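Okay, so subunit A shows up in both of these, paired with subunit B first and subunit C after.
So, the complex of A and B:
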């Protein structure tokens, strides 16, 4: 076969979303790739400028549909920074719990999609089955399984239901046992190692040059994790290790994510214990009324009567399951953010595709792109 | 009972029916209707129709069996709602495909696009006229049934490639290329593994091969050949871990990407027909066909159609093994597959041929007993 360009996407099983990977191949060999994004652009940043601070949270769930709570947290941190609001400590713990449960859910979803790309059929359903337990937990305290709208400027919407921590611990016990099974099905398989070892190598220097973050960066031996390096919420009070591997290949990314799952479980146990011991308010007390209720009737405390609220600029960066996400919120003293800007880690990770795809085979594209963990919702925003 | 074959049954059926119909007509028509040539032709047709019905029914049952097994392996239940335990689900699926339009891509080559799946289906069906399911099943004495079956079985890559190429899609073309490369690479060790069986049995006739296994089934002494044969069969059937030609992760659906409706159903059915043939060949060559070991009580082997019953049990168990493999292994890569095929499988199959020759020369084995003299 002579050289030709093929379009892997926008509708292709490899993409796990809506984007297009143009691949130049000769036979089965990849000569060049050209990732094209933008099919899922919804203008979330622009829409945000037209919404009240708390209404933007609805959009955050739609940026990354497998890690909605992490993105909510990202935005809330920046918005609170811009609005000079400090949440109560229990809210911080609840948000951290959300983050880590979201990481568990997202990584399990990643595992399921990744092994499916390799042709492993059963672990895909095992992953989906186990992720469902996490979703059940979300449902029990946020009311939703995917679009949670749980966090608020100044705290979280509601506290945990009765008996939640015990349920959560049981789920964590179950998951810990399942992670062993996951490893047996993947690392225990000679075919898996043959497929994944030395595949899609992206060295640490290349990662830095292309702004690649998250598990991909850590799999290249670089010990960088925002939860440790720039702790937000209550991560500085938790005991955990940063997962690192040094292969820089698909297997290394697998190892990093599996270790992160274990570390997340470890953190969650600490958080659940803390939550059991420290009841308290989950919402800041002295919030301006217009923040709490965007459509409150016009009155003495209504949002129209807001006067002279201090201006501010908020910035936050969060280690979401796919990498380092950043948010920038400008508060000009009105009910709406003046400007909202996000940095999506997956956008940078996909953009470097040429670095880790060229030279491998067509059959390697799904496992490599699977190991990147693509979530197109946040790429295009 | 023993000399009652499927063909003789259909012959009897046609004769009785036509004689009854002919008896109400006056003489010249009655003579034409009871013409022995006509009877023979019609008997052949009925024989074919019975085979077709049996093989299709088995194929659909096989799909059900796979779905149920896969479901259990995946911690779910598989098809449940249509019919008892989902038995009718595949009929519903087939009917849905039957109702669908067949869409031909604008620049596809019509001849290849339609002929490919049709001939693929036909060659897969032809196999069922050759394989003996039980002592009374075979149409007649064909001395080279094994050779014929394997020859027809190896037509497939050609027609897969034809349909892939003519559907004018890059993914189809790549799938077709992979399919052709893979099937040709694995044809060789597959045939060499069969040679080992032929050496021990001393015959190319499948019925003879089955009766040669009355002392012991060949899977024991020819274990290496069995391994090579099963691996080669997996590649020929294009099942995980060797399903690269239709690796849905990168090639969408491989060589049948552009096919929909009934043409897709043809591919699907033919795939499962070939899977059924593969399992049947394993049973015939290595697991004693429809026979049971002599120590089994006579009650288990003497009920009507016992041969077919045990044969089907064995076939579905062998297919269950294939499903098990599918449920637990990832897919290999093309170059790895070909490297394993040429560098590992062929030496192994040659070794198995050598072991078979040793076995025949030594006549007797300490554990398995003695080989019957070659040629029966």
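So, the complex of A and C:
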């Protein structure tokens, strides 16, 4: 049979976003793949060069629609590093809480979309129902369900509303019981196992060679998690285990994400207890005036202050729900960053597509790419 | 790992192309090298120092010259390290890192199309985020997204 190239995308249910997977096939067998990105490129790195430090946060929410708060945290850490600002401890706890709730929301969203790719419609609805509870929590303290703009250089915008921690604990109780059902629905289903077991295998050595991180790397048995290996915010004060599996296939990635959900709930309970016991400021008190508010008036005085912007380079790295994200912020002594560079974990995970797709069949592509957890917004930026 | 450790491990195999190491907060340090020694630096950093994971490659346009930086991670030391080299703006090219770390492939494609840095012997230097045939390099400082008068208004926050 002759070989040919076919396009899966840019509009294909498998893509979960706007990108194109070009596949070279012979019959049903995949011989080669070539992902084409860029359909969602908005030039976030370029736009950031014309924005005030706090204005870049708006763009971070648009970077990844399921993990906006994690990207805000990433940028804030780099900007604070470049500007030499330390936030109060309560702000660090609030940010960590944001990260973990975001991970719960992102992984449940992944679960819903992934099982729908496999043709299981009911778990999709259960997933969307449960993620909504997390979005309700976000709404109650940030005012938004998707584009939060909650973190600020020097702290967070506002503290929690009254009764938030109790409401959050009730949501965690509900979710903990649902996670058991998720597993029963999927791992107990022969169809699920047949479509996932042994597919898309990527061994740990190949993961490292090709820059693959996050749940994909941990599903290959490698225990690397920046929350443990290079703790930021308050992760060094929390008690949790790094989720690993050893199958390196689609099922293993499912197992890792489900375990991460349980670990996130465990961390969130510790964080909520801490927040109950330690009231305090959520914003640094000694902030330069130009950072005190997102639109601080920059008039005659502002130009005087402008000379005092410190020069420097900020680097940060966080364990985002999809893997390791990095930010590199160069500050040249003006009110705008000189250069902002982001590393998206999904960018690297997709770039290795040839390694985990070649040799499988066309019908295996939706489960395999589903297990990668693609978010195109952060790939194209 | 400290900058001095990086220097001690790299000096024998890289020699004069190693321009120096300096502390960089939160990492093992930053290594500055001349582009002629790029491949030696990559191999030594990966094989001698154990930085097997290349996280990111990026470029900066400093107008009078350009800079390429690499972020690498070691699982043994649980640390990042930064490598960087300066290139003349008139002839910005450097050896590809993708023969040492395959993960550099896409990062270098992106750096080439956005910051106009040529990577020698790159296996597949095509457009990635921009459409094929796109003739500009948007992350160069000379590429303006606003008219100059717009910028004036914006920086006053009127």
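In this text, the second predicted complex is superposed on the first by the 368 of 381 C-alpha atoms of A that agree within 3 Å, B and C clash if a C-alpha of one lies under 4 Å from a C-alpha of the other, contacts with A are read in each partner's own complex, and residues count from 1 in each chain.
Following the convention adopted for this analysis, a residue touches a chain if its C-beta (ideal position, glycine included) is under 8 Å from a C-beta of that chain, and two chains touch if they have at least 3 such contacts.
From a predicted model like this one, the values you see are computed outputs, not experimental measurements.
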Subunit B versus subunit C as contact partner of A:339, first or second or both or neither: second
First, second, both or neither for A:169, with subunit B first and subunit C second: neither
Touching partner for A:266 - first (subunit B), second (subunit C), both, neither: neither
Touching partner for A:38 - first (subunit B), second (subunit C), both, neither: second
Touched partner set for A:119, first subunit B, second subunit C, both or neither: first
Between subunit B and subunit C, more extensive residue contact with subunit A: C
First (subunit B), second (subunit C), both or neither touched by A:311: neither
Complex contact set, residues of subunit A against subunit C: 37-38, 41, 43, 45-47, 50, 81, 208-211, 213, 222, 224, 229-230, 295-299, 302, 313, 315-317, 324, 326, 328, 330, 335, 338-339, 341, 343, 347-348, 351-352, 380-381
Subunit A contact footprint on subunit B (complex, rising order): 70, 73-76, 170-171, 173-174, 177, 240-241, 243-244, 247-252, 326-336
Subunit A-facing residues of subunit C, complex: 24-27, 52-56, 58, 60-61, 69, 71, 75, 78-80, 82, 101-103, 105-106, 114, 127-131, 138-139, 143, 145-146, 151, 154-157
Touch list for subunit A against partner subunit B, complex: 1, 4, 6, 8, 12-14, 28, 115-122, 124-126, 129, 185, 189, 191-192, 194-195, 361-366
